[in-house]
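Next up: the structures, one after another.
Below, subunit A partners subunit B and then partners subunit C, in two separate complexes.
Now for the complex of A and B:
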């Protein structure tokens, strides 16, 4: 039992080490996620596609994206901090 | 002294410090509350804020803070002897570095995962946050200069590493292609990648690639720009993935070898207070030691990593101590192993006597000496071939340095844009073609890489360039500590001074500022004048930051977190 928990701990630690390598992909994915809701509901902020009525119809299906977009809009004063956090020394 | 005794002393010190210094600070200063929701839960979105199991977050955080620096620093610092070197590592870890990392992480957790840079603007003034960006950018240029030197010196000193590194890149591209484009199984591709990597190390010993340092510098210049601009899935991501395994093998093999070795440390315990450690000049141990042993004892970048990424993954505040404080102690342990390895084999490998260490005309040991010492330890315990061990250890250090170079230029590019955008608030001015030109992707990437490589090629003595990077890094740490101190004093304790952060913040600032002054006067004529100008700018800015720090400290509480 103890051996199993030690093994699990080491496995998780190794997983953590490996997960560091995907951080840049995750960062780029997040950037794409930002673009996606903007494309969907961009007409509200002046991006002319799609028309507002379609955006409103789509809204119930993009609740999560709207939430993420709203929260990330609040983080715009700390974008540099996020990018600097990707550094390795 | 036996190597095992030093390692056991290190373990005892680290455990005691964790239990009897770290824990009380977590309990009494930060008032860690496991029932308080962390940003990973409170702001969970499945994208940025996602809680992770503590070993996963620890591994992720450790992989971000453990690069080549904790290995290179002690190699240079051994000019003072191994005892002062190891004392600074342990002292710096326990009372400055680990506190710095832990406080930055917890401050970020309390401020919804915001970065330490943002927090500095919040608890002091927005100007501090802007200066933080300038510091990061200038540091990035010095990082390029120092780490390009590390890589080029390794390639020149051990040409088989150059071959192995190039083969490693080719393997990474192949594995990335097979995983992302051919959709082949990740576990099998991992096995294939590691097998090819082992074959590359063996093969590279037969076909060493010997080129002059200047040629490597030119190659590195183009490499940095291209690597920073390629899609990450082509090279960086698969290479970092395989790097993680390299890091594990490197640490496991070295850790077990030097714990089990029980050899004698033959390196002189102490040479002189004014050993010729930096740029071949007589360098006073205080205040210059932090310029040399940077990340092994404390590092400003840890605050940036901890507050930029780790804080958004923390499952509960109860994990903050073991991740923030514990990971720094673990990194200090890596530096301890480096000192022990060189202490046991350094003199033999370098072919010098104890009396020659740190005297006039002394040049730093070089990473090749560390690699061979590591290989001899691995040979003594595991019977691994010394030639294989040298290439393996050198490749591991080289990969850490290359990864740092890759990320550096991406970040420098961003920092450049951030500084210019904040420095030019007028929308009309930003539409100016000159502004657009200077903030464009390729120009921004070329400026940082070009300036860094230029400094690297004109700084003849590696230790002098390394100390410039170390100084920038340590001043970043001082700013982060000042931020944490103001947060702890004004926000957590209602204006009551927080000595565990105030003393290290002030001590570090005084030490590093004094070291800057020494560096600028002692390194004139040794390093490129541009390096001295960069150090001068940082020194002036650091005085301004001290002023802001004192004003914020006197002002007292502003608002609660």
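Now for the complex of A and C:
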């Protein structure tokens, strides 16, 4: 019983370390996944965009990125919170 | 296969010149002439009804008129179907509204024209030795011809960004294991490798397709632009501007055809000026009495072009 508790503690600790180590990469990844569709549909908001045929061809495959972009737009009022959150436990 | 693009200002006689070039080269080569102009009259020039399927005009010469309205419709329908399938999971994005906007957005005609051109060139590979494109007026044609280069530049940037996304996903996957993304009950596996990433594969295959067109456009042994102008100043100005763009795109330019030349002094002066400014051989087509319509008239017209002297 004791052994199992210690094992679970170590496992949780390992999981915590792993998730800490990827936090920054995940933040960068979210930013890139946000920028990618922004470029594709950017012409709607005045951002330089690739020719529409490239956007139309890629749109069916960027569902995840479009979702991330929508979420990022929703979180825009607390960007500082998100950035500082990376440094606080 | 060799490709000749006949370009020029609206109303200068591009279709007649394209028909004459195609007629001349078809004596020794199996030739296809394609009208990309939304306002077709290639069939009228040959007095042969033409459609979206290649039809025989005479021995060794085939013609077709691309239905541009239809091409745009097909292009948008294909894209809409794929988009609707995927985005049914993402109700927050008003995809119907997006598609309606795309339908009306500037540039769609150019993309559809390029798609049609790509399709015809790839389908004609091995069937025809020479293809002659009768193009829409200069502005639209130059934008279509510039599209492959612009698309390649953007494609390279997007590939670079995508590579970074995939490498970051892979780094996370190595530490935390495979990641999945669930949206409205549908599970998506996040791709981490280029060969399994649909975005990357679509980008690379599109760049390959567009790269082939760009390669063809800039190869002087396989491609030639034949500008057509009238002996007037406006026509010369437009041809000069077209030259600038074509040179930026590194497209080989052949002889310049000056159509409807009546032999007046002013016109002779303008032709001398055009010759020195543009630095290309000039073929003068006299102002003919009757309309150059029908095989006989086109045969006569084609003799003035002296195609064998300037075609690679």
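List of remarks:
Just so it is clear, the second predicted complex is superposed on the first by the 72 of 89 C-alpha atoms of A that agree within 3 Å, B and C clash if a C-alpha of one lies under 4 Å from a C-alpha of the other, contacts with A are read in each partner's own complex, and residues count from 1 in each chain.
Here is the rule we use: contacts are C-beta pairs under 8 Å (C-beta built on N, C-alpha and C of every residue); 3 or more make two chains touch, one makes a residue touch a chain.
Keep in mind the model is a prediction, meaning the values are calculated, not measured.
In the superposed model, A:60 makes contact with subunit C only, not with subunit B. In the superposition on chain A, contact of A:32 is made with subunit C only, not with subunit B.
In the superposition on chain A, A:12 contacts subunit B only, with no contact to subunit C.
Of the two partner chains, neither subunit B nor subunit C is touched by A:4. With both structures placed on the common chain, the touch criterion links A:22 to subunit B and to subunit C.
In the superposition on chain A, contact of A:72 is made with subunit B only, not with subunit C. When the two complexes are laid over each other on chain A, subunit A has residues 18-19, 21-22, 25, 28-29, 33, 64, 67 in contact with both subunit B and subunit C.
Taken in their complex, subunit B has these residues touching subunit A: 43, 45-48, 52-53, 55-65, 67, 69, 114-118, 133, 136, 143, 232-233, 236-241, 243-245, 247-248, 295, 299, 301-302, 304-305, 307-309, 400, 403-404, 407-408, 410-411, 414-415, 418, 473.
Residues 79, 82-83, 85-87, 89-90, 92-93, 98, 101-102, 105, 107-108, 111, 114-115, 147, 150-151, 154-155, 157-158, 161-162, 164-165, 168-169, 171-172, 175-176, 181, 183, 188, 190, 198-199, 202-203, 206 of subunit C are the ones that touch subunit A when the two sit in their complex. Interface of subunit A with subunit B (complex): residues 9-10, 12-25, 28-30, 33, 64, 67-68, 71-72, 75, 77-89. Listed in rising order, the residues of subunit A touching subunit C in the complex are 18-19, 21-22, 25-26, 28-29, 32-33, 35-36, 39, 41, 43-44, 50-54, 56-64, 66-67, 70.
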